[in-house]
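Each of the next two complexes has chain A plus one more chain, namely chain B in the first and chain C in the second.
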Partner chain A sequence: MSTWRIALLVAGKDLRVERRSRVVTNQVVPFAAVTMVMFAFALDADAVLQRVAPGLVWLATLFSLLVLVQRSYAIETDDGALDALRVAGVDPAALFWGKALALAVQLAVLEVILIGTAVVLYGAEVRAEGLVLLVTTLVTATCSLAVVGTLYGGLAAGFRGRETLLPLLVLPVVAPVLIGATRAVEAALGTVPGAVVSEGWPWVGLLAVFAVAFGVGGTLAFGPLIDE
Partner chain B sequence: MDRDTAEHSSERLPERTGGTDDPVVDPVVELVEVVAVLGAFPALAGATLRVEPGEIVLLRGPNGAGKTTVLRVCAGLLPVVRGEGRVLGLDLTSDRDTIRTRVGLLGHANGLYTDLTVSENVRFWGATVGATAEEVVAALDRLALTGRLADVPVRRLSAGQRRRTALACLVARRAELWLLDEPHAGLDASGRDELDATLRQAAASGATVMVASHELERTGALATRVVDVVAGQVRG
Partner chain C sequence: MTQTSTAPRSSDPGPQRAARRPGTGTTATRVLGGVTLVAIGWLVAFGLGFSPADRDQEESVRILYVHVPTIWVAYVAFVVTAVCSGIYMFSRRHSLGWDRAAGASAEIGVLFVALTLLVGALWGRLTWGVFWQWDARLTTTALLFVTYIGYLAVRRLGGSHHQRARRSAVIGMLAVLLIPLVHWSVRLWRSLHQEATVLRTDGQVRMDGLMLFSLFVGVIAFTLIYVWLMLHRTRVMAMEDALDDHGLEEALAARRAEGDRPDGER
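Right after this comes the complex of A and B.
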């Protein structure tokens, strides 16, 4: 079986498990929505909320990413499936890309919901001229977060206290994604006075480079990371 | 050649021709004075073992004797640092990745996805080696996981049924050598009986099984041969 066939198999399995358990639907989405509401309570003023809406969307996404990654590896470690995959000689690169793909799908759904929440709660507006930039930003940022989350989730999965270790590992690493995605979405939505759409594209470039770098790194390092 | 290797040169493995017309059946496992280490600790201090196709071999010994290490070496998980070994005709030094894909190691955990059904688990594990739908159905049939049971989520199964599902996954993965580490652990009386029946059936179908177990009476009755593992030494 080729690497990509195995990757699709693993992604399909992860998404099927999610469809059965409904953890994203019943826990992660409500968690992200509550986070957005709490931001609104804390900042209160409409003008401020509208201005910072992109940053709040990505912060809520990062917090939700941690929950998603924990869940993604919990299903692998509950009954020793990750060990069994390793023992069975399943290509670690395929495992990495399969889990990253499933994570990306779940993140993408979540981000769309969060953007919608920002529109409803914070009064953010999706402009037609910024739509391409917005979609491209979502795609590249999602890929970046998915590969980083999968890589560090695999690293943390082998440790005791992984629930607290994962945020410590992931959050500093994804800081460039938070900054880049926030700036790009600000440009796309025009939440900063005087901002133009073209100012967002260099940030998309940064996100793309980040995704490629961690994608290559994950492909090479995932095997040794999950190995003993 | 160092002194130890020279001393055991008479026990070196013969070269395999790999020809299909070879009338002599190759052993499934062939270890000669194999040494393996865990960190700096010599977990296996000279294992010599030969397992023929269709055998059920019980590895017997006290805790820490090296039973699990023998299984992990045979699964290609631990490198051989000295001595020579072949599993399924493949070299334990140079072909470990291939060996991993052809053997099935089952420890205390079952390696199942508890939110998926029995048949989905078996299908997934079979698909990792490109098993066909017919092979998956055959694996489910062989472990009597048919009818309604095939569609039950694993989390609702008894411990014995979970173990049977894990063995069906090994069958679907076309594992040619089953390496079972304390397979009765955590099972109630009926689960143990179920597992014994499964292993008897596997042996009758020609599977080769190595079992590390403290359940000597129970596993000994199943085994075709008992091999003692003492302080990292194996002779059998």
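Right after this comes the complex of A and C.
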């Protein structure tokens, strides 16, 4: 079987597990939503909330990413499934892309819900001219977060203390994604006074470079990381 | 079973070991340590004594002679970490010596970044009026600091020496990939830090001659400190690894000896 075929199978397996266990819908999405409400309590004023809405959406996404990555590897390591996959001779690169794909799908769903929440709770508005930028940003940022999460999650998988180690490793790494995605969404939604849509595109470029760099890095490094 | 397993193994090479002096110092490191001390004295003399006060920043400019060398050493240390990690991963022998060098270098790098941030905050308070500014270079440095703290945490995850080496080598190399991306993104975000004055692209240095000389003394002194720390830390790590391996053997031998006792066989 080709690498892509195996990757799709792995992704399908992860998504099926999630659909049946309903952890994402019953726990992760409510967690992200409650985070958004907590931000409102912390920042208080309506005008401030509308201004910082894109940043808060991405912060909530990052926190949820940590939960999702833990979850994604917990189902692998609990029953020794990761070892079984390796024994079955699954190409590590295919495993990496499969898990990243499944994570990306979950993240994308979550981001759409969070932007909807920002529209309802914070009064952010999605404007027609920024729609292309918004969708492109969501796609590239999701890819970046998924590859980084899969790579570092695989590193910490199966070790005691991984719950505390993962945020320490992942958050500094995704700082460029947070900056880039926040600025791009600000430009797309026009939450900052005088923001024009074209200002967002350089940030999408940054996100794309990030996704490619860590995608290649992850493909090469995932084998040595889990092969022990 | 046999005679060797009943006798405690440690008694065999014991007297020879005890005769050797414990520690990580050799003649070379002692000479290097002496030279380093002289260089530090030289730096104190030039940094606090001979070099002039600045027209705008007055005496506080003397922080420069620590601030710039510490970050210089930190960058060198992280590059060494990445290079050693790469050599470990791609060489055929996968020698643990390279892994230990990478780890030691990262530890010293983290120490020096912490010093840079601390000293920089003090200097910022004196010249800008605030401890911290969200400018590009400061933010990048802070993220660099956290990234390598993560690297050190990965080194302590446990497992065999080669597992540790492989994991940390991957992180060590990814960190180098990350730094330009972080710097680029934060540069786009905002910038306030003064432009580089010494390493300028047009080749002209805008600095008083004696101040520049003091700065070079600082760089030399801190680089010597780095090399000295590096030699000792690598040796300590080699000893720790040896203790891990050897300690297990000792414990196994002791257990076997217990099992071989006549009253143990029922």
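Observations on the model:
Just so we're on the same page, the second predicted complex is superposed on the first by the 227 of 228 C-alpha atoms of A that agree within 3 Å, B and C clash if a C-alpha of one lies under 4 Å from a C-alpha of the other, contacts with A are read in each partner's own complex, and residues count from 1 in each chain.
Throughout what follows, a residue touches a chain if its C-beta (ideal position, glycine included) is under 8 Å from a C-beta of that chain, and two chains touch if they have at least 3 such contacts.
Model, not experiment: these values are computed from the prediction.
On the shared subunit chain A, the superposed partners chain B and chain C are arranged side by side without overlap. Between chain B and chain C, more residues of chain A are touched by C. Of the two partner chains placed by the overlay, only chain B lies in contact with A:89; chain C stays clear of it.
Seen from the Cα centre of chain A, chain B and chain C lie 80° apart once the structures are superposed, a value rounded to the nearest 10. Look at A:1: by the touch rule set out above, it reaches chain B but stays clear of chain C. Judged by the touch definition given at the top, the superposed model places A:128 against neither chain B nor chain C. Looking at the shared chain after the overlay, A:47 reaches neither chain B nor chain C. Distance between chain B and chain C in the overlay is 7 Å (nearest C-alpha pair, rounded to whole angstrom).
Within chain A, the residues touched by chain B in the first complex and by chain C in the second are 228.
Chain B meets chain A in the complex at residues 75-77, 97-101, 104-105, 107-116, 120, 124-125, 127-130, 153-154, 162, 173.
The part of chain A that touches chain B in the complex is made up of residues 1, 6, 9, 13, 16-17, 20-21, 75, 78-81, 83-85, 87-90, 228. On chain C, the positions that touch chain A within their shared complex are 89, 143, 146-147, 149-150, 153-154, 157-160, 162-163, 166-167, 169-171, 173-174, 177-178, 181-182, 184-186, 188-189. On chain A, the positions that touch chain C within their shared complex are 151, 155-156, 159-161, 165, 168-169, 171-173, 175-176, 179-180, 183, 202-203, 206, 209-210, 213-214, 217, 221, 224-225, 228.
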